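The chains carry the letters A, B, C, D and E, assigned in the order they are written, with residues numbered from 1 in each.
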Amino acid sequence: MYIGRVIGTVVATRKDEKLVGSKLLITQPLNIELKPIGEPLIGVDTVGAGIGELVIYVKGTASRIAARKMDSPIDISIVGIIDSMDVHKETLGGN
Amino acid sequence: MYIGRVIGTVVATRKDEKLVGSKLLITQPLNIELKPIGEPLIGVDTVGAGIGELVIYVKGTASRIAARKMDSPIDISIVGIIDSMDVHKETLGGN
Amino acid sequence: MYIGRVIGTVVATRKDEKLVGSKLLITQPLNIELKPIGEPLIGVDTVGAGIGELVIYVKGTASRIAARKMDSPIDISIVGIIDSMDVHKETLGGN
Amino acid sequence: MYIGRVIGTVVATRKDEKLVGSKLLITQPLNIELKPIGEPLIGVDTVGAGIGELVIYVKGTASRIAARKMDSPIDISIVGIIDSMDVHKETLGGN
Amino acid sequence: MYIGRVIGTVVATRKDEKLVGSKLLITQPLNIELKPIGEPLIGVDTVGAGIGELVIYVKGTASRIAARKMDSPIDISIVGIIDSMDVHKETLGGN
């Protein structure tokens, strides 16, 4: 699972009919300092995420499991909204 | 799902027979500013996308679901044409 | 399988109900010198890993196999705690 | 699907017995200018590709579908030989 | 499939019980000049590979196929030992 922030929505009138009814959220992958890294993704919302929220997203088959739509062409889904993270970066200096 | 732009077509006479009849579109991955990032991909068109259009594409099993061809050697498909995106980049400054 | 270090925990009250009961650990991918590389991941703990521990994690279907939860939206799991590594970097100079 | 060029062959006497009979071709991923990008891959040939040819390759399950060997440890296959590409890079300046 | 070199071993006493009996080898991805690229991986040995050997490895489902352990949390396996490679880099200058 990956850390991201919902930064927008996308409208696509012409799309696979199995995607109708799925909310598509533009999600920016973040690093541990919550800074953007890499390309934005489009995730299917499965938890009622809103713009600006810090979320957990998954890729691949896990995303169809999350959406309860195994026969939809989904490869990324948002599965949780992050309340807080407890990070101990000092452990990265160890062996 | 990923954001891309259809920038061309590819002709391959010698190919897996299960790909016959699938339109292969060269798709450039884009970042949120719609600038090219990374390598071009070849996606199977499932929504009637044309050159220059901004699209949503998927990878892996989702691409075969989109093509309704589970037994074809497809790993990327175009599943939607983007009408508009509403992006709130200011949210990236938050915690 | 990949080398990482557990550097924290994440709390997500609103999440896929199938994730309830899974311990979510923030895991930093490491290179062979045990220095951080790339973005942090969130892995499901399946071996009782603690903060600061050096671990082995897997991605994709393997992560659901590890969690014994094939119908959960999991795509990364921690599957082992590294006791020691015996690295022969001198072999990288060969042909 | 991805664009690559076949640049060599690999001989591996000791290998998974399910790979016996599969032609293994070293394939260099290319960008749209047909310049090398990233690491070389080893793909299973399914279309009679030769050294120097521009090819389409796939990853993952699609590669086993292409090889008609679902129980072989294959994760990349060559599925087509590119005759020509029609690229409209000017479309990348649009919105 | 990917080119790598076995550079070490990893010991993990606490691990998924389905991994017991699998030899875990630290494998360095290599480019075509056999120089290290990217992060080290941990692959399950399925061909009797030793330290310093040049190998072919696979990812994902293919790795469980190679290990003949479809219900083990494996996502990378070594499937062949490279005897020789015949590389024609001059073909990369063509169109």
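Things to note:
FYI, a contact is a pair of C-beta atoms (placed from the backbone, for glycine too) under 8 Å apart; a residue touches a chain by one contact, two chains touch by 3 or more.
Please read these numbers as outputs of a predicted model, since none were measured by experiment.
A rotation of 145 degrees, rounded to the nearest 5, superposes the Cα atoms of chain C on chain D. Averaged Cα coordinates give chain A a centre that lies 30 Å from the centre of chain D. Centre-to-centre separation between chain A and chain B, using Cα means, comes to 18 Å. Within chain C, contacts with two or more other chains are made by residues 60-61, 63. Neighbouring chains touch in a ring; in the direction leading from chain A to chain B, they appear as A, B, D, E, C. Every residue of chain E that touches chain D in the complex is listed here, in rising order: 1-3, 29-32, 37-38, 46-48, 56, 58-63, 65-66, 77, 79-89, 91-92, 94-95. Taken together, the chain D residues at the contact with chain E in this complex read 5-16, 18-19, 24, 26, 28, 34, 36, 39-44, 51-52, 60-61, 63-64, 71-76.
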